[in-house]
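Some structures are shown below for you to check.
Okay, so chain A shows up in both of these, paired with chain B first and chain C after.
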Partner chain A sequence: MDLNFISFIVMGIAASILSGVMITRRWPVSAAMVLIAIMMLLAGMFGLLEAHFAAAAQIIVYAGAIMVVFVFVMMLLNLPPEELRYGGITWGEMLLIGVGVAVAIVLGTQVGQGMLTRGFESLGFVPGQAPAGARPLYFPPSENVKNVAASMFVDYLWAFELISFLIMAAVVGSIVIAKKRSAENANAA
Partner chain B sequence: MNEALDTSLNMMFPPAAFYLHAAPILALLVGGLVALMAGVFRGNPDRPNMVSYQIGFISCFPSVIVPLILLSAPGSFGMSVTQPPAWLGSGFLGDQITQFTFLIVGLGTMFTLFMAEISNAGRQLLRPELVCLLMFASAGIMIMASAGEFMAFFTGLELMSVSLYVLVGYQRFDMRGLEAAVKYFLMGATASAIILMGMALIYLNIGSLRWSDLSSLNISLSNPFGVIGLLMFIVGLSFKLGVAPFHTWGPDVYQGAHSTLTGYMSTLVKVGIVMVVLRILGNGFSGAEGGAWLAKVFWVLATLSILVGSVFGLVHNSVKRMLAYSSIANAGYFCLAFATLALSPTSPEARQAVLAYTAIYTILNLGTFAILAWLEDSSREDLLKEELAGLGKRAPFAALCLTVFILGLAGIPPAAGFFGKFMLINSAVSVGLVGLAIVMVVLSCISLFYYLSILVEIWLKPATRSSVNPQDNEDARDVRVLVGIVAAASLVIGVVGPRWVASINTTFARELRSSSGEVKTGQAAPGVNAPVQQDM
Partner chain C sequence: MLTLPEIGLYFSFLMFLVGLAGVMFRKNILFMMLSVEVLLNAANLAFVCASKLTGTIDGQVVMFFVMAVAACEAAIGLALIIALYRTKASIEADDLKALRG
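The block that comes next holds the complex of A and B.
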């Protein structure tokens, strides 16, 4: 049990607990704040798994850009606290929760047992190393950014180029949805 | 520089043949952008723009011409007939299944544009930005169906989904359309997330995102991550396909969207997803009891879908809602085909049955929704069944075509649907799925009730004051020509049978290997624990 492993476990447990905290907040803004903390913890876990690029991207993109927009929108909309529901949990919800807990226990014991006794290797992967059967890395694992760039522009070039059209579709779509209704159009409709 | 990267880079640049094979996708993407730009220079952006419409229409031409060339002359352009090539790291598979999908999607998109032009409400769809989104959605379906690895597939799926979310909600001041758009968006985003998680788990198992490497995925129950990954993947795709029990969004969305668009969504989108499932299952999986276990899952999905589709369809009065349930029942037939494929992944009969059924189902459903879109124009959105009363007297030709399509959807011989279902059930029985085949036949007899109840309204009931009374104007003539062609096509297929499908080579494309036997893009052989390369 080295320090990395212990901090990984601690961060994982903290992130799971905070996820529970997040979905039970009444105020949307405080839920968003907790979500930022979860994103930070996830970034830390990526860092410990030696995926430094993913860690940095997690902080810049999720904790930074996306969450800022989230919080701004919430503050602009000035959402009221969500009304807590009165009355008990329905049978359907009980069933769903039961299924969720059962799956979590099965997975948790499978994963947890293996990891505690044999470390990450039992899951079929080693930190900083690709899963079995993966293409050998183009660069040593320490050069994260180069490896990310190589897979992005070599192995998945077609998908990378097509992403630009996806973004284009999203831009056009959001303009169509958010456009103000003109007087003439209102009459036509 | 490092050698592995150099080799991969050299292999990455596709040869000229790629641009020919992918011309339909590229033309649609570029055509979408040009159609969008046409709105900048001409007229009011809130009004339908005929220039965009024509550009969109023309950019569909390559997706009809190229597949016709490549399907009719398989050996042309130096292509190998026995082993079609894949390019861009399996991102694009240059096989005949791809070209077949391109042909269906291209024709379907042209048909959708035509239908939008013919009805008044549909003409609102021809605003430049909406034409652009329709082009992008079609391109997304093509990308998805031609993808040989997860990244390209997922990009195509999202390109299609994002475009469709907007297209469904374009009438954003109509409450039902808006409700449909929001429902579709939330369900679609959830499904995408589930697909993504499933693929992450599969990658953990096999270390590859290619469909061709899925054959090394161990799906015996002792490997929980592999099983859960594959199940999540299938669940996500079932959401998009509208298979029960993941169908709940279907009827609401189909009812809320405009009929022209509903026809598009219920056919072409499913074509794309079905091709993806065909490619995934067609590789087979490893593991002791693999295929049998997976076939049971599809057994359950198929039975549930056709049960839900046949029984719940009986209680609804809105024609569009009934057709939505009919499309859920038809998704059950696709699941029957998937169960067959899970048991015998490489069987060409099973693959050909899937191809034939997608083509026939697309023709029948597009035709049905085209007539509905036209009828709705002269009355109101969301026709009720009673409002079709007396249509046989008022518009006999349209009623006749609608009868052909509905008989086809029900699977009654003179129309095309019979052969589609016949081939599916035939291939299912030949791999031993007799029980499922019996269930399908019995339940589709139940669904006959609501198909026939529509026909009774059309032909046997007298017209009432509320029944639809279509105008005999220029649009009506266009509809008659267009729908007549589709009905004739479905009758021809129904009479002579889908023979063309036997001439389609259903071999999946694979990346070419160099003489040393190693895959040229640097992909290690599946299942080998590849060492991390240290040399620079």
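The block that comes next holds the complex of A and C.
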């Protein structure tokens, strides 16, 4: 029970509880603020898992850039608080949710049981040893950025290039979608 | 005794369930998109935990790709919300029954 372990558990429980708080907010802006707190907690968990570059990117890209876009759109729409509706769930929906949660718990505990009783080797992996063909997670952790870059630009180069095409398409698409109405007005005028 | 990344996988499972409930039960499209962000964050946590468990760097690289896809999803989704709000003056999912603008 070292400090890393305790702080990881505390951050995980806080992130899980705040997720529940987030989906029950009435104001969109307070939900966005709670989501930023969740992302900060997850960044702390990434740091404890020795994924330091992932932790930094989580704060800069997610809590910084993406959430600013969300808050900007909320400001633009200027919506009133939403009325929460309770008790609108039918019995059929309750049954479906129960089946889904049961299947998820069974699958989760199967994997968990395998890890608890036979160790993580039961899933086909040997801890601390890379599978054949995979790039090992080198230590010290101070070389995290170097390892991520080596893997991203050598092993996953094609995926990286395709992601850049996806971002390009998203930028063009969002401009086209948001501009549509004004273009129609220009044609009508 | 569970190790740190194994516990992280359980937290990821829990957060994914909560985010899924948010997507299913909220009627406001903005809240549905915020819940999708929780789903993607839970998946990111699972990827980083798997990276630590297997001792490979691949999980962290895939986590960056998920982050890029989340940025694209936020840009397109919010543009759609703005376009829908202009035509319908509402972002309730129930008000968007017709596919024709």
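By definition in this document, the second predicted complex is superposed on the first by the 128 of 189 C-alpha atoms of A that agree within 3 Å, B and C clash if a C-alpha of one lies under 4 Å from a C-alpha of the other, contacts with A are read in each partner's own complex, and residues count from 1 in each chain.
Keep this in mind: a residue touches a chain if its C-beta (ideal position, glycine included) is under 8 Å from a C-beta of that chain, and two chains touch if they have at least 3 such contacts.
Since we're looking at a predicted model, the values are computed, not measured.
Colleague: Which partner does A:8 reach: the first (chain B), the second (chain C), both, or neither?
Modeller: After superposing on A, A:8 lies in contact with chain C but is clear of chain B.
Colleague: Would you check which partner chain A:158 touches, where first means chain B only, second means chain C only, and both and neither mean what they say?
Modeller: In the superposition, A:158 contacts chain B only.
Colleague: Could you tell me if A:35 is touching chain B, chain C, both of them or neither one (first, second, both, neither)?
Modeller: second
Colleague: One more residue to check, A:106. First (chain B), second (chain C), both or neither?
Modeller: first
Colleague: Examine A:98 and indicate which partner it touches, taking first as chain B and second as chain C; both and neither are also allowed.
Modeller: It touches nothing on chain B or chain C.
Colleague: Between chain B (first) and chain C (second), which, if any, makes contact with A:148: first, second, both or neither?
Modeller: So A:148 only meets chain C here.
Colleague: Is it chain B or chain C that touches the larger share of residues in chain A?
Modeller: In the superposed model, C touches more residues of chain A.
Colleague: Touching A:70 in the superposition: chain B (first), chain C (second), both, neither?
Modeller: It touches chain C, and chain B stays clear.
Colleague: If you stack the two complexes on chain A, which partner ends up touching A:172: first (chain B), second (chain C), both, or neither?
Modeller: Once the two structures are laid over each other on A, A:172 reaches chain B alone.
Colleague: Once the two structures are fitted together, what part of chain A is touched by chain B and by chain C alike?
Modeller: In the superposed arrangement, which is not itself an observed complex, chain A uses residues 125, 129-131, 134-138, 150, 155-156, 159, 163, 166, 169-170, 173, 175, 177, 181 for both chain B and chain C.
Colleague: Which residues of chain A touch chain C in their complex?
Modeller: For this pair, the touching residues of chain A are 4-5, 8-9, 12-13, 15-16, 19-20, 22-23, 25, 28, 31-32, 35, 38-39, 42, 45-46, 48-51, 53-54, 57-58, 61-62, 65-66, 69-70, 73-74, 76-77, 79, 82, 85, 89, 97, 101, 104, 108, 111-112, 115-116, 120, 125, 127-131, 134-138, 144, 147-148, 150-152, 155-156, 159-160, 163, 166-167, 169-171, 173-175, 177-178, 180-181.
Colleague: In the complex, go through chain A and note every residue touching chain B.
Modeller: Touching chain B from chain A are residues 106-107, 110, 123-125, 129-141, 150, 154-159, 162-163, 165-166, 168-170, 172-173, 175-177, 181-182, 184-186, 188-189.
Colleague: Mind pulling up the chain B residues that touch chain A in the complex?
Modeller: Going through chain B, the ones touching chain A are 2, 4-5, 8-9, 12, 29, 32-33, 36, 44, 46-47, 88-89, 91-92, 124, 129-130, 132-133, 136, 139, 143, 149, 151-152, 154-156, 158-159, 162-163, 165-166, 169-174, 203-208, 213, 216, 224-225, 228, 521-534, 536.
Colleague: Enumerate the contact residues on chain C facing chain A in the complex.
Modeller: 2, 4-11, 13-15, 17-19, 21-22, 24-28, 30-31, 33-35, 37-38, 41, 44-45, 48-49, 51-58, 60-65, 67-76, 78-83, 85-87, 91
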